[in-house]
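Shared between the two complexes below is chain A, which pairs with chain B and chain C, respectively.
Entry: the complex of A and B
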């Protein structure tokens, strides 16, 4: 396996697109339900917990850049092969591929659940998953540039969703935030940890990095994308705390969609039906990026052609969605991902950094001695 | 050619898949606009539905049907057996609870509204002065033809006013769950055969415990937030303003002065003065615009205006004290003194039990500031 990858000029993307990539992959189904989880841990001071998560993730992204800069032009899989050797490297790379795979499944299932809850309760899982898969496959077969273009396009076409939140903002009760600064630091940190399911996804940076043409300009768009994601989570959580009662929010599963329900226009009374459908555009980049990352990763690690991986996975997902019937099964899957992705995405890059630094130093010493 | 074939297969699949969804045709739907919910003596739930129907050549767009059941949805299903249309909740605008149901507690009845994603969040809640079903017995053909809209219009005369008596479902559900503040809901009742606004229902958590007359809505609203452009009628004894009368002989003839103002801007505010002694200070500021007065006063004299302002302040203060003693006796903190208490408490947590114990003991100092900034085209 080659550690460094060479990308054809036609397949490269501008660093500027990283903004849309990072933002789109972080925003998905997680943000719909996240206020409840943060609130249960951090209470009225949830906004501080989110800011802590912001600082922490910014640090993680910085570490990812440091690691990537040590190499000429590589991705996570190449680094694994370089640091841990063929077998252990393959194993860790496979863990990441499985992480992308489970994330894909949980997004697909959660969105299916939302559609069934809010719009078509009699529509079977398979039908919804099939329709979504058609779009996903179409985009992924187009290659990296189509995938990135799609994320840009869907970002622009879903941006108006922010404006619907004007209505719940006006109905907020600001007393719900007082008194401030009463939450203890461990609770705040736990609250910050609860963002993990929603905010993971930025690890795509380590996969897509070799495709970036002007790498020296990659940092700013990545951080700005993260900033917008954090702003969105902060906005949704803050409104939820103000809009729902303290006791109420602990039992509300789909906070964001209920906030959207609050708004109503004279010519369009039930805006929430449209929002549920438009949400497909929000999760589509997630699914597309994940499937692309899986197929690319499998090709890098096992040399299996992308087409085969994509078809096999499509059939696999369309089969497995039929076995999920209960809400709690999906909840458990989400919970599982939240728990392990904290270690895999929030903590692992630091461990990798240590290995990379040791290895590079040894190599330099080795070359000096020689 | 190959891509064409695939496209063709996919398009035909899409056509077939669309039949997986249930279709809704407007002519086959009975759209609930307003629902009245009562609990009968034998514990069953009875619903009265005002439905919007799209039937060709029918003079009435509204029909009213009733149903009974153990649950709210069950009662609606029961009502559905009496009509040839499918009843849907997606456009429900108002839910009215009968008085006895409200006194038993509305939480079990609210459950379906919170749980069902099809129920809009813009739904308003109200209480009926007697049984909710009685509000639907309207003989006036002009009103009964569109009863559901009429009842909703009572609660919300115009778009986007955000004022009492409008109480939306999420707001009420949130207030029921918040310790230290209790919800209020509008009461509707029949006056001369026509449904009308009747008063303000006071709640203790989810149970109705008392009521205030409709004229107190100004004070309830002012304490809730900023109040703008609202009529306010009041009566003061004439001897209080006798010095400023244009014709002093009126002071002997009439006993009272009646007047109507527009509250240009009103704002209420609660402060905790002393946490241990449970002392609160309530400030009410109002800017008024005189619209009508039954006696001619020398309003070109600033002293007359200030004298009048003072009387109005005393009047408001007295009424507010009366309301306070009523709600303290009922232990229903509708103004949210408990929220201020919680904010200043260490840890910021307050339980309902704790506030139940403390609220009857609180001591409130009331400070009312009224300014009559305009008195219309004439000054006498």
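Entry: the complex of A and C
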């Protein structure tokens, strides 16, 4: 396997798209339910927990950039092959690909569940998944430029969702935050850990990096994208704590959607219906990026053509969604992903960094001796 | 279709030949055409023959400037040869030909041939007469302010208009012949100093490699050479307005004019270029921006309004506020159909009206509008076929679809509505979101002359927004749109334009 990849000029993207990429892939089904999980751990001081998560993720992204900078033009798969050799490298790359695959499934299932819960109780899993898969396939077959463009356009066409939150903000009770700073540090850290499922996804940076044309400008947009998604999580959590009574939040599964419910305009009511549907536009970039990353990864690691991977996966997903019928099944899957993605995404980059640094140092020494 | 054309093989000379034989050959070749005129003269003791097709040429001027000098050639006492003949005839650009095929094709485009017996070549002059209508007002793309003239079927008139609009030696009108059975003159128009070389090369190649028997019109040629023919979206911008054509050319795009076609097309186009009108430039910038934004909103209304009605009434009626819901309920009380049927019925009726209005003569067409709009609409409500709210909805989306300056694109928008209505009826709001997202992906994948279709939105070019989505005063638009990659971007110095003068200076 070639460690460095050469990308055709027509397939390169400008660095500032990373802003939309990072933001879009972090926003998805997670943010709908995340306030409850953070609140259960960190209570009133949840906002501190989120800020801790922010600092930590910023550090992880920085580490990713450090690792990537050590190479000429490569991605995660190339680095694995370089550091761990063919077989172990392939194994770890495969773990990542499986991680993308399970994330894809959990997003697909969670959104299907939300749609069924809020609007179509009778519509089978297959029908909703089929509609979504059509869009995903059509986008992924367009290649990297379409995938990135989709994330930009859907960002623009869903940005108005922020403005609907004006209504719950007006109804917030600020006393719900008092007294402040009562939560112990281990609880805050646990709260920060609860964001891991929601904010995971930025590892796409290590896959998409070789496609970026002006790499020296890549850091700022990536961090800004992270900042906006942290801001969103912070906003949603803060409003949820202020809007719902303290004990109530612990029993609310889809806090964000309930928040949207409270707004009403003179010409439109029950905005939550519209939001649930438009949320398709929010999760779609996630799915598209993940499927693209899987097909690209399989091609890099196993040299299988992307089209074959995509078709096989599409059939696989459309089959497997029919076996999930209950909330607890999806919950179990989500928990599983949250647990291992913490180690894979939030801890593993540091280990990789150590390996890369050792290897590079050895190589430099080797070349100096020679 | 995309095969390379074979180079034409040069014919063998049939000259020198006796005049009788020549006449026989020509009459054999033009079987069943009694219009080939063949007149013999004897000048300076040599047999001369003049032949042409009479309705293809200008008889008055051939009498005066060709036949007269020929008959009076004896007076100057020289020996008659091709050279002396060409000298004494006061018509410019004579040429000579030897090949019989060449002569036959020449006769068709209005050439007059003179053959002096036993000479090695025949001399020909162009006296083409081509009927065309005079210049008229633009009908399909009419605007209120600005030039009203439109292209006509005559290529030379069209080129004349374009040349007068862009009086620059940079303007290139490259010639192509397209069609094997009946070749048509096609001109590729661009500014040498502006147009992107890659684009010119791509367009040239597509025109050159097009291998068809004939093209009927510019719009047909456009479909042949577009990036994707199966697509609902037009990828090149067609126009009958010379000012719009010239505006695009001076911004670095390419234009194509076709013989016998009253429209030209420009490329590369974007989704947004179909919503631009040159009238935006003639208006004050505030009004221009307003109109442009209005057209965008109109596009969305036209696509989304009826499907949303269907989706809301079929599934998610909770999104409608109670007050409106009550009045909708009241007006739908006597309607026995589901919303989808009701909506399709009315949309279909409206399309019928539009089509009938377009086919009928103008005076009857107006009556059609009144009959359709008022009488049928009112009757449909009273008969309990539709609700009157839906009539407003459908009328609004129909009106909105007519605001697009490009008729072709307006048709696209009207067509898109139908699948969306059906999706809305099957899946409700999520069907609409699905449809819109599908359209977004679809337009993202589209290319026009190899360039992205959604530029400047994607790839994002924020500096071009004031040329596409709204309009700023001219001193703020000192640059051309980067999106089309012209060779140079600056139009004028922005420093001079922004210079602030002191009071009373």
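Note that the second predicted complex is superposed on the first by the 370 of 370 C-alpha atoms of A that agree within 3 Å, B and C clash if a C-alpha of one lies under 4 Å from a C-alpha of the other, contacts with A are read in each partner's own complex, and residues count from 1 in each chain.
The rule is simple: a residue touches a chain if its C-beta (ideal position, glycine included) is under 8 Å from a C-beta of that chain, and two chains touch if they have at least 3 such contacts.
Note that the coordinates shown come from a computational prediction; the quantities given were computed from them, not determined experimentally.
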| item | value |
| --- | --- |
| Touched partner set for A:14, first chain B, second chain C, both or neither | second |
| Contacts of A:281 with chain B and chain C, given as first, second, both or neither | second |
| Partner chain(s) touched by A:115 [first = chain B, second = chain C, both, neither] | second |
| Which superposed partner A:266 touches (first chain B, second chain C, both, neither) | both |
| Which superposed partner A:131 touches (first chain B, second chain C, both, neither) | both |
| Contacts of A:142 with chain B and chain C, given as first, second, both or neither | second |
| Chain B versus chain C as contact partner of A:153, first or second or both or neither | second |
| Chain B and chain C contact sites that coincide on chain A, given as residue numbers | 120, 123, 131, 134, 264, 266, 269-270 |
| Sites on chain A touched by chain C in the complex | 14, 16-17, 115, 119-120, 123, 128, 131, 134-135, 138-139, 142, 145-146, 149-150, 152-154, 156-157, 264-271, 273-274, 277-278, 280-281, 284 |
| Complex interface listing, chain A residues touching chain B | 44, 117-118, 120, 122-124, 127, 130-131, 134, 170-171, 173, 175, 178-179, 182, 243-248, 257-258, 261-262, 264, 266, 269-270, 272 |
| In the complex, chain C residues that touch chain A | 315-316, 318-322, 324, 427-430, 432-434, 436-438, 440-442, 444-445, 452, 454, 457-460 |
| Touching residues on chain B, where the partner in the complex is chain A | 10, 14, 17, 20-22, 90-91, 117, 120-122, 159, 162, 168, 170-171, 173-178, 336, 339, 343-345, 347-348 |
